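By letter and in written order, the chains are A, B, C and D; residue numbering begins at 1 in each of them.
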């Protein structure tokens, strides 16, 4: 025991961490081989664009490339992220900074376990042999209803192997390769200069600008920058309000927003304005009453408040109230294409993915992100085929049982 | 510990994998000793055939032989299958190719956990001292209501230590030794020649031909081959439709079937035609309305779509609608004779077992498969004795509590 | 990995096994220190007999002795039993022969987890400062409502470090030291001589004779022996009927009993006759209608049929039907005095404990068994004080919440 | 591995124990870095006192100091407490003496898992940017609604690295630094002199005196000492009644209290008198009918009776009956500020924390305790901001979903 104790030790966490790094060969190979394969055959099965898209190209030598991306990601992200076989919030519980859920990590874990409780009803006697996965959002054609979430803090949270600038280029650039868009994060601790650098990615690839719930003046100032960069929408991630203490230490203001505040912001821009981080029906109503174009149902990946419900548990109530008149986006624990399909069945019009994008960006830059998105798209198509869904624009609740 | 960390590492998966290989001595010995013992005494307790059947003979030196079969299977199948003490989908989650469940592996795991929630009501004050386990299916007498599932991809999924031809001979030949039948698989990636070779086993042992949901023309062509081989029934495993992308890459067509397609196929053969892979009542109705002789309630061992319900959860609704007029078969997580008994209580007329057959075939060819089936039969008889079931042809729902 | 794999390996089971043996020092010491302590102070708190009972004496130097008993038991029983800190059926799942649950081990595990779901309502504002734990059963005064279960197969199941004769003396002798009684088992594989030797213990300490569900003739013959030995009751463990195949191999008959069979047996003896192994209300009714003096609600420690409910789940229905007019005993997962209290609250008049007795007998003979029983008694008193129960003869259902 | 097996072994418990000690560097650093950070910025976000409080000062160099406190605590408390990353009762199950839950440890574990099932509804569209966390209890202003629980047995339970006197000074002194109060324990095994020494801490810092359910005479005697020391309230921890056997061995009386007993005690003091250890509505009624100023809903950290419900499960019923007219305090599994918030939402007016205080005291004396309380306060403020709670004096049930 002396040796064990004195030299290395094994906690449940370090055990998993070590394991995932060491077992790259076996596990990742098997996982990625399966995962990437359908991506390769994607063009034939999907909505048959005249020429292979960039994403499909990126996926052309599929399995091999994705395997390499995950291997590199694991090396660059460890120990901030172990790139576990299943990204479920167990190994990284409490690691904020880092990529884990806050506190006991239950909010992150709840996102994943809530998704497990939503079962898919398999059906294969139908005529949906060529599911349509493209959609339109904020006037943009998306090749898949999946956006890259707003992620920041490459040093604070991800270990510092990528600059903020390179990361946002990987995210939005990868999204563009895959035919979709990404969100640009606003970091509490970042100088305004960093935010401006990030917005350059919107200039190149379009996308959505996200602003922390700062003072009204500061938000208005940043909204102008977002507009100037040519964003297709703007969001305030209101669930960052818990960072007020941390912000104050840095001489900044982060605060909850009143309905009046929100209305003022909505009126100050021509862009579609969304409140990001809504977890109750009453706050969704407040946001829409204030004029928001929609809401993002999200618990910030479980990183704001411990012990919230899983996102997909609260989504249906909000969506059934608002989905006809407003844009309902959502995120929380989406790792596979069929996870995205469940969110669509529960009322979201498109979803955001976060942690998989961190893997893709660190493992392969824009191409790595495109590979991840290509895998999600292939899985989405496969699960639509197996549940009888013709188009992501209209997914029946009957494909799931809760 | 230095070595452990530096050189190899332990993931949850490799940990279990290593463990099961290393602990053959202790665990497997205990398990198989118990398992095989009743098999040896089988003839006396069962429906007393005039002479010991081949299966009984194969089980005569029971425990020892089964132990050896599992040991060999473990060596041949590792790392594609660890031959875990409980085959529950934990260690192999996501390993497709391989023998695991697809994606997060939840569909495979759901099959097993759903079975755990069906409890058996033990009863021993009755006159069912000699339970009858034989039944009739497609005009064939079966010594037990258990069929060998359609399994293929010995190289793609099982590691390549057996040829497709040897495997199918082990499966159907073992079934014949045990007095039952097996299904013949159709592999997406296999040339037609391979399928023909497999059908040779039907010629020798009879059995059931399964065809992938290919183009109508291809299915019709293969149905002719199945008929010619003397099969007692034919099935299309419609739940393979999710493989369309993979098939396209190989220049083939795999697709969901419309009701019209199905009707066309049913009419084109005199054999009983079943749709395999039905998981909802509405699709069971579609299949029967199209003229199918029955359905196989199955999620393909959890290998098509992630996050489906466990099979035994959806079986009762389908069976209570259709069991009087149609053949209802089912599979999903059956490892013991009492698992089979639960499926019968929930409405199936016979069941399919898959992964245990892979063990038997790799560990001992036809005799290995017969040993596995003999163990299942002995356990089935024992559990019927302990629940008061006189015959597998009529199993009361009252023996289970859900 | 080579080293790990080649030399030792770690399965989930061997891991636990090794651990519990190796960690005797730390874990067992802490556990037994706590456990035995109240036993020492027992006489003062209990129903104040004029002089310390033998059990109390045995517990006089409590913690130290119990610690030693567990240490010796662990050495003698390993690997058939690891004497785990919590005896919950995890480590030994499937080990029959051995001390585990049959098959997947779920029936054993269900006994334990079902008990966990029965919560105790703590109450300390009352006048039950001196709970009465003695009761009367079959005309015998018992110092605690806990009997030693019928256990056999010291070689077949327990590893062969004790003879059947020594074991039964430890069990019934220890029971007598603690002021209670034990049951005498009947082993399928044992010659009649062994059974007779066991009955000698009844001659010395009284107790209850149990007979396997053999042919009527054989049962009648053994009932005579039981009567002659001076037993206070006789039982047939009808749930052993599943062993018919094994018995047949040994040239014996083990079989389910019909109501007519049962009535014949009841009429053939003046002793109270109980059916042991009842798990449904309808079979309890059958037994009582046949004239049985009572039933033992039991799933045979999870060793007959896999996947039964936990015993405490089915007890209340049976007890509420029969407890006024019949003797209701029960067992299943009882490890602590408060487990026994729950069974009393759910309707049992007394309980049987099995595996803890195996530990006591192997670790310290009759004194070891008495120590175990003394610990259970002390815990029972403590939990009665903390739930406001004055006497074990009348335990209100209101002390538990399910 | 040879060494590992031969010399030491790994139980689930020692594994975790070793791991947490060995992994101080990684895990604790990450955890404490996050935890302490908000504490540093606390003053700005909180109710803005004119000058930084002592607690805030103690937290000024936050993360670093807390990290050091946990490190020292782990060294001093091991193996009695492993200072696990999540203090959930798993590693220490059954360790009484020690810091674990009694028996199987389920009561401790139930406290934690019951808290996990109470979900927080995140809301950030409101005007609660500066939550008020101060409150008043027994005429005392508290800077946070969190009291240090009554803890004793530094040698018996905590390993003997601190004297009772130093420990109580750390607890009450740390509470004072943080602007709150602590409870003074009464140990069964301690001589009266020890109790008097503990009461000195009340003389210095005020606080609440707790007395074991001894004979009426002894309680009255100790109540006088508590009054003389200037306590603001007095409690009897009635749930200690289970220790009667142990007390008897030491020549003392510990017993359940009748309503008449309780009334006599209430009348004998001018101090607010509370019954500590109430777990049912009917006993809360008994206590209040006897004139108690309130009750502490508690299962004594799971250390009295195994298998009780989790405290937060029984709190709402009691609070909804009594909260308007009586003081309702509670404890059980509180590790984070948001745990405290849940208890307030479920009806408690303030909460007690125990095990975290043991860590703080052993790791850093009064300053260590103040750091722990500062962390809880910062987390409480953060979670109030994220659920829209303006003041701890009125927390709506609508912030939680059970």
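Please note the rule applied: a contact is a pair of C-beta atoms (placed from the backbone, for glycine too) under 8 Å apart; a residue touches a chain by one contact, two chains touch by 3 or more.
From a predicted model like this one, the values you see are computed outputs, not experimental measurements.
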Interface sides of subunit A and subunit D: same vs different residues, half threshold: different
Per Cα centroids, the chain farthest from subunit C: A
CA centroid of subunit B to CA centroid of subunit D, Å: 55
Centre-to-centre distance between subunit C and subunit B (centres being mean Cα positions), rounded to whole Å: 39
Residues of subunit B whose C-beta touches two or more other chains: 4, 8, 14-15
Topology of the chain contact graph, where touching chains are joined (line, ring, star, complete, other): ring
Which pairs of chains touch, using the document's own definition: A-B, A-D, B-C, C-D
Sites on subunit A touched by subunit B in the complex: 3-4, 7-8, 10, 15-16, 18-23, 26-27, 30-31, 33-34, 37-38, 40-42, 44-45, 85-86, 115-116, 118-129, 335-336, 338, 342, 378-379, 381-383, 385-388, 401
Complex interface listing, subunit A residues touching subunit D: 1, 3-6, 8-15, 79, 93-98, 102-104, 106, 110, 213, 238-239, 241-242, 244-249, 255-259, 262, 275, 277, 279-280, 282-283, 286-287, 299, 304-309
